[in-house]
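Consider the two complexes below, in which chain A is the common component and chain B and chain C are the respective partners.
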Partner chain A sequence: MNFSITLLEKLAQEMAPSTSEIIQRESKMPILKIDAKDLRKVMLILRDNPVFEMKYINNISGVHLTAIKEDGTLDLKGVEVLYVLSSKLDFSTIAIRVDLPEVNPEIDTIDDLFVSANWFEREIYDLLGVNFINSQDLRRIMLPDDWQGHPLRRDYKENASYNGMPTTRPNELDAIRVE
Partner chain B sequence: MITEKDVQSRVEITPLNGNEILVNMGPHHPSTHGVIRFILYLDGEICVRAVPDVGYLHRSIEKIAEGMPYSFFMPYTDRVDYVAAVNCNLGYALAVEQAAGLEVPERATWLRMLGSELNRINSHLIGVGALAMDVGATTPFVHAIREREYIMDLLEIQTGTRMNNNYVRFSGVCQDVPQDFFSKTEKFLNHFDLFLGEFDRLISTNKIFVERLKNVGIVTGDQALSYSFSGPNLRASGIGHDLRRLDPYCFYPDMDFDIPQGVGIKGTVGDSYDRYIVRIEEMVESVKIIRQILSKIKEGPIQSKVPKKLVLPEGETYHRTEAPRGELGFHIVSDGKSTSPYRIKIRTGSFASMTSLAEVFKGMMVADVVAYFASLDVVAPEVDR
Partner chain C sequence: MSLYQELPENILITSVDELLGWGRKHSLWWLMFGLACCSIELMHTGGPRADIERFGSAPRGTPRQSDLIIIAGTLTYKMASRLKLLYEQMAEPRYVISMGSCSNCGGLFDRAYSVVKGVDLIIPVDVYLPGCPPRPEALLEALIMLQKKIQKEKFLRK
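What follows is the complex of A and B.
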């Protein structure tokens, strides 16, 4: 796997004085964790600095971070957005992670810098409820526009019905089944 | 009948200017390959603005993954791209194996490669056949389907099923192949070499076909990168990235094969004809790879030991492989305690290809819209997952 740690270290220097941290340093995929407010600055460095030439977005994905408390309930810890980008030159790849707060998760869009980012962002908005500020076109992409909630959140509860259609149905065989 | 309200429920409609008319294409349309919908704003026959609308095949595979052990998710991966099931199995298995540090026996790796290259030919046959049909030539599609039938027979012997082949297991494959499988494969390859020449004479150099595709939907290298194109679509734009070389997995580094690129053989680099011809060339390369596999494969075990309760170490990985439609990436997050994945995100080539449509459709004739879209070889379930 050609995830590059040297490029991450260069990037960390380049983006100073903004702070960043390399996590999973020993693993196959080292990740640079940055603050949400630095995202656009970092993406501009990655795209335009000749050292990086990262013109290619492999993937943007979101993860709802939770932990299970002692009493069994969920401790909601916010949403992670992971950007995987590749270099135009040799296709070496880096991963950038941004953690967003649980309440009102929002981050600047990068769809004016990379065309394909818009669809990846729309998917994260649709399934995880992250608001991408100044996005050109932030609509649901997988689910209908009038859908309630964001299904890939761990605390998501499906509504009993959608537009009059029940989302579950009773098993008719339960009536004849002996407990 | 579709009313204006139905259209508006999915897509925001902007007011029409002058002579513009609004055409709803799909979701059920012969050229949308499954259920994908476009809202086209037309001025005469020219497309002024286009809004692609997907999601009709959303099966929430990623949500399903969160509720089951890692191994139970394997059959869902071959539903991600039903034309290239073994490739999707392989992508998922490699991602988990890498994170868990599992070993794969040599023969199993060869069999995986054999299955995925057969599947690649299978998938490209559908791609080029459907492209020909979409631009008006029905016969090549029938020829392609006929050849695909032989591959499906081989895959049936190897994997047990004709479609949605659930073949790969963690650290191995589900079954070995019978003795005569390799000779049957060899026989098929000898026949397939002849078929490719026949197919070229039938359609690849057909004047009408070439005229329909050349200089249509030109995507330059820089544009292809910004649209996140991958696989044959990226290579057709003149960028020779192939993950089998750049990010090697299985025994691909030992294989001798070329990476076909678009050179603008009939028109401009990155036009629809280049995307077609790159797929034809890739089938030739896959045949080369399969021949090498057949000469190198040896007897041996096909499965190593896997812990009964597979728990991945805490953290996240992103693993990518070269599927027929481009980069197939699995982003797997584990909490280090549970036997089921915390989150799986599947990045597919078709989803990325779709991001180009709104821009490229602008200014195109409606007939070219169909030709361009077919040349991307998008499969709807892979877009929606």
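What follows is the complex of A and C.
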């Protein structure tokens, strides 16, 4: 691993001493949790600093965080976006975690810093509804353009039909079921 | 002395319906429409071991030359409109084999947001073939069932 955990701590100190935090520091993929407004700054340092040389973005993933309350309803806790970067020096990996609010989650785009980031961002926009500010091309990537809602959100409700196609199938066993 | 023995050589007696059905059932050209892992089994069926072409069933690359469409795999809503377009481009009479659990009823993706819960919600289906995925022998069985159906049809009569 070319970057030591002390370097990472130094980076975290330099970025935002109050808002950043290192999770899983013993693991092969330490996670640096930062504030959403620091994202581009951290990404630029990781990409351009010769100590890190994180030129390759493995993936960007998103999770809709929830907890189940005592009465059975969902407690929505916002969206977490995880950027996984690899170094071209020795393939060591780091993850940058950003927590976004539940209502109107938005974050700066990094598709001008990493060319391949655009498709990942489009996927997260498609499935979780995160708005990437100043993105070059923020459209749905997998679902049809006229799709309603973002299906990997926990509060997603499926419509009864899509373009005239029913989304449920009647159970044939109901016809012969004896009460 | 039967009629057959009185006939000269190379003459057979049959009905027109029988002859047309015999010809149609042995020239079922199918549209290549592999959507997911079932299409791997579909390719095996075209290979030398199962060899679907010995039934006169040749793969085609365009719906305009096809009599049969084998829906092999998971149909999503995005693909469903394309499937409908392809089906409408096929010349009548046209037949549909729904291959595998996903295209029969959604199968494994029963609760998924993007998968059509059965191809018969989009287009009419002649043969449902269960399995996940079905073996090439099962697909041949489905083809033979469809051939039997075609043989029974009165093609010239409405």
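One rule holds in what follows: the second predicted complex is superposed on the first by the 159 of 179 C-alpha atoms of A that agree within 3 Å, B and C clash if a C-alpha of one lies under 4 Å from a C-alpha of the other, contacts with A are read in each partner's own complex, and residues count from 1 in each chain.
The rule is short, and it goes like this: a contact is a pair of C-beta atoms (placed from the backbone, for glycine too) under 8 Å apart; a residue touches a chain by one contact, two chains touch by 3 or more.
Just so you know, these numbers come straight off a predicted model, no measurement behind them.
Model built by superposing both complexes on chain A: chain B and chain C fit together without a clash.
When the two complexes are overlaid, the chain among chain B and chain C that reaches more residues of chain A is B. Of the two partner chains, chain C is the only one that A:168 touches; chain B does not reach it.
Judged by the touch definition given at the top, the superposed model places A:143 against both chain B and chain C. Look at A:177: by the touch rule set out above, it reaches neither chain B nor chain C. When the two complexes are overlaid on their common chain A, residue A:157 makes contact with neither chain B nor chain C. Minimum Cα separation between chain B and chain C in the superposed model: 6 Å. Counting contacts as defined above, chain A residues 142-144, 151 meet chain B in one complex and chain C in the other.
If you check the complex, the residues on chain B that touch chain A are 9-10, 12, 54-55, 58, 60, 62-63, 98, 222, 225-228, 241, 246-247, 315-320, 327, 329, 331, 333, 342-343, 345, 347, 351-352, 354-356, 359, 384. In the complex of the two chains, the chain C residues touching chain A come out as 77-78, 80-81, 105-106, 113-114, 116-118, 121-122.
For chain A in complex with chain B, the touching residues are 1-3, 24, 27-29, 31, 55-59, 61-64, 82, 84, 88, 90-91, 93, 95, 114-116, 118-119, 127, 139-146, 151-152. Those residues of chain A whose C-beta lies close enough to touch chain C in the complex are 142-144, 151, 156, 158, 162-163, 165-169.
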